[in-house]
Amino acid sequence: MKRIAILTSGGDSPGMNAAIRSVVRYGVSKGMEMYGIMRGYTGLLEDDMMQLNFSDVGGIMEKGGTILKTARCEEFKVDRGRIEAYEILKNRKIDGLVVIGGDGSLNGATLVANESNVKVVGIPASIDNDIYGTDMCIGVDTCLNTVVENIQKLKDTASSHERAFIVETMGRNCGYIALVAGLTTGSEAIVIPEVKVDYQALSDKLLSGKKRGKVNSIVVVAEGAASAYTVARHLENRTGYETRVTILGHVQRGGSPSVFDRLLASRLGANAVQSLIDGKSNIMVDLKGSKLSSLGLDEVLQTKKELDIGLYDLANTLS
Amino acid sequence: MKRIAILTSGGDSPGMNAAIRSVVRYGVSKGMEMYGIMRGYTGLLEDDMMQLNFSDVGGIMEKGGTILKTARCEEFKVDRGRIEAYEILKNRKIDGLVVIGGDGSLNGATLVANESNVKVVGIPASIDNDIYGTDMCIGVDTCLNTVVENIQKLKDTASSHERAFIVETMGRNCGYIALVAGLTTGSEAIVIPEVKVDYQALSDKLLSGKKRGKVNSIVVVAEGAASAYTVARHLENRTGYETRVTILGHVQRGGSPSVFDRLLASRLGANAVQSLIDGKSNIMVDLKGSKLSSLGLDEVLQTKKELDIGLYDLANTLS
Amino acid sequence: MKRIAILTSGGDSPGMNAAIRSVVRYGVSKGMEMYGIMRGYTGLLEDDMMQLNFSDVGGIMEKGGTILKTARCEEFKVDRGRIEAYEILKNRKIDGLVVIGGDGSLNGATLVANESNVKVVGIPASIDNDIYGTDMCIGVDTCLNTVVENIQKLKDTASSHERAFIVETMGRNCGYIALVAGLTTGSEAIVIPEVKVDYQALSDKLLSGKKRGKVNSIVVVAEGAASAYTVARHLENRTGYETRVTILGHVQRGGSPSVFDRLLASRLGANAVQSLIDGKSNIMVDLKGSKLSSLGLDEVLQTKKELDIGLYDLANTLS
Amino acid sequence: MKRIAILTSGGDSPGMNAAIRSVVRYGVSKGMEMYGIMRGYTGLLEDDMMQLNFSDVGGIMEKGGTILKTARCEEFKVDRGRIEAYEILKNRKIDGLVVIGGDGSLNGATLVANESNVKVVGIPASIDNDIYGTDMCIGVDTCLNTVVENIQKLKDTASSHERAFIVETMGRNCGYIALVAGLTTGSEAIVIPEVKVDYQALSDKLLSGKKRGKVNSIVVVAEGAASAYTVARHLENRTGYETRVTILGHVQRGGSPSVFDRLLASRLGANAVQSLIDGKSNIMVDLKGSKLSSLGLDEVLQTKKELDIGLYDLANTLS
């Protein structure tokens, strides 16, 4: 192992830069030549990469987004596209590749590992927290804090009117962000794709909260379950409440990463490079509790991460 | 002057609690008996008030919202409703009234001043910043920081795609929040009710930004000018960009007040009470620069606050 | 199990209120009568407790500190004091006790479990992160984010002078806070009790950073290793740098808890009560990765939590 | 006016970058050639400057510190040093100079205006808020919010012990930061250079607060009045309280600028350039209320800014 490239792909998440910094600096400290590929697999196909030295990644850990940019790449999904990519990696004498991203990105990673001579290690980064095999993906903790800080502000607004605030969160098909944000703000209700929504029960819950003296109600909705506007319409019809909608959107992808994400990214980045040096490939590095660990990308990609439904019950019990 | 009541009315804004604290404590320090009226004019009509002592308003300065709650009150707009209210104030032996809120609230305040024996002083509090005669209303500074912190996170998200983020802000018919938030985040474009929107020019601006190498564009839209979704559709049609919408909604009304709002509210609160003690009535207290000042509620309510269009030009020049 | 009491003890940490809320509400949902003991073991000895219902713990999750207050209690360390306490618990018909706190608090907990008929479960809460058997104590994540946000501001200040900023962090005999804060801010050096400080090597590192073009240097010092002023004096003498000291002090104990701490506290709180209902005692509940777990208080108290020295090496490699 | 240079000097403050961005972009929009001088007057003497175009100042508004760096410069205080500087400005064909900084920096500015052919406009930037003629200096608002956010965390920590927290703030000989931070956090006492400290009265105040049921006390101390450690020792001796000290230090200079500081800096930056184009010199631009204004540097430098002692009385009345 002599020359290692790194790319970020798919939706960006806070902490990607901390991972890039760690990959590059750890690699350099081990005598590797490190290369940064721009815009994920798109940049790989265009041979858009540059060498990165120790100081090139200074001052980036605290920044949201990714200095390498990301893109979705349709071309990489077809065989011909990838063959070109392998040619480019070969010409560049790249022996190892670190891929930082979510499911789609790791899918690309395993293709490279299986189809070329380049060894590949994946690092899970996605605000959706939908990747099997790791407790947490890079970016989830920061995203959650952004959502919760905003919901907390909602809880301040005073009203003697009957009113419900509907907050829509990201997460694609995974309800994790909505679930944990709802649980940790004591929100009245949580709508997630993993649990069939019952608008009548939801309305009854808000109305019973009103009887207990609550004047405001907050409902957190995962984008994968329903649109906030749909939920609002249902609740208005059944409760007679006024509703107000908050759509945070891509705000949830940004922000300076939390300490948790910086630490996770720093540890995984170094571990990914060390794994390559140790001759490993086609794996994803992850953190289990406080210990570094890894597992095969096949297993990662073929297993669905199950949401801990106990958290949903806990949220209902405590709110 | 012996007994002074205080109410908050209309849309709440961060800093109202700091004003309540200051009114109550300053009043108590001057030997007044202070009363808090719940839910604005609605609570007044229901005689829903209680005496507030020094310690009753401890620990509230840092909290968003208002401990006195607010409400809109249709009944107070008819003569018969108000006559009842004056009867209640008379029975309670209330000599002075401090009204904290926006245009509608101050309108109620001047009616009380003109129609009853109670002396009335208004304090401008509204995130819309649409009240004539004061540089800043209580709550605007906090609201702006909330909006800007969120837009700042949007600026982090990386993309190689052509993409525009549309952020809708509050402000009713006033573009101040959108204008200053756009200016202080270097957003590509600002859509406000005070300036007729030209979607073609807006689209051209985004496309020319792309030519200069920008990969993301942020457009801040005041709710009084257009819906973010409308702006998004126009831009998609004309630029071919993907768009993403952020609606902060009532998040903008919440949050722990900024130092500016705490200081403004603390100074205005004490000044309102002192003005009542000095025998003044039918005025609004305000801050001009760093000096306390006041002006008649008639003038406040009959004059439209003009947006400083120079700020709009400055935003365009600098972005 | 019918009646469960809860206390917080020792140094407070953010998230204690989230744990209290979860303990009380989960207990109530299981038909328990819940009691809150004020000021830790001190309040227990004074029979200073009250019943807590579902709504008594509303709106506290987001608050720093503990609504039950804490205190250190010398009297509880002597047999006679504790015998009185057991009498009080018996008179109150308390069957179970949840103790939230650090090492000292858990030590009290195991005494109660061994010496009385009351079943006891501990919940680890301490910003020092020095409790064996749990990945993280409640409060550590919030504390770390507070420290890192402040250090991040330090990194902004510009200078062409040679200058070093020394930041002293809490943690008693444990260097975890300083270590992770230093690692996740890319600080130039970290001084912790677990690694003997070599002022000459430290000075050389700063001087070599200067040669690489750095104009500012940040050194994070754990209070258990040295005073910031001592480190500053050593560095001034050896490097000729000006130094500036930051002592965050108890700021590190406060703040609204992070999502991580709220979630951890909510899960542990419910689990503690369920463990009591299941007849368990003399244990501490904890989270391993994303799974709830528990272990005996004897093991917790007799085993020293070792700092992961790999993190120290990683920090040195990456900075 | 064809070519304008800009420098930042003295202690940095948040918002300096927003001012630089505005100066450069406004200048470019008016057809000027804009130059950035590195490290204040030091860089000027070393002819260390570069042309700055529109895109060179992109993405800097939200950053603390100053991209141009700052330094103190002894050499500029002697005539010979300055004569060299004027030679350099002449060779560079610089017609106008914008100086961003505090008292010392503006002193340099007036010397250049009086002794050379270069026209000079100053912009007040200093967290100390000690410059005559402007309501607020750039950086004060951000600094205050940093201090207040930290004190707010202090207020969270629970205790049944008698304890006082002493917080030392910056501000050199000016008590403004301490005064406003103390007022807007409801701190028990404020120690500033403008009011002679009476430790006995201070101690009595804390003890009387204890009688009213307060368990924590916060004292804010301006560095220009006393060291926090001195105040702590006095209070310990007279009250028997434990004390805990917080020294924020240069943390107060950093952080992403608040909206207020970004807006102030953007407006002053553009106004400074326009003033130069209009042929003005030897003035400082400032904001009075919401209106742009200016005054002669002689008046600025010869007049002491008086602290509004009414704010001190208000703080005492309200806490």
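Letters A, B, C and D mark the chains in the order given here, with residues in each chain numbered from 1 onward.
Note that in this section a residue touches a chain if its C-beta (ideal position, glycine included) is under 8 Å from a C-beta of that chain, and two chains touch if they have at least 3 such contacts.
Predicted model, so just to flag it, every value in this text is computed and none were measured.
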Shared interface partners, meaning chains that touch subunit C and subunit D: none
Most widely separated chain from subunit A, with each centre as the mean of CA atoms: D
Approximate Å spacing (C-alpha centroids) for the pair subunit B, subunit C: 40
Centre-of-Cα separation between subunit C and subunit A, whole angstrom: 28
Junction residues of subunit D - those touching two or more other chains: 152, 155
All chain pairs that touch each other: A-B, A-C, B-D, C-D
Contacting residues of subunit B [partner subunit A, same complex]: 12, 14, 38-39, 42, 63-66, 69-72, 146, 150-161, 165, 215, 244-255
Complex interface listing, subunit A residues touching subunit C: 18, 21-22, 25-26, 29, 55, 58-59, 61-62, 135-136, 141, 144-145, 148, 152, 155, 180-181, 183-186, 212-213, 256, 258-260, 262-263, 266-267, 270, 288-290, 308, 311, 314, 317-318
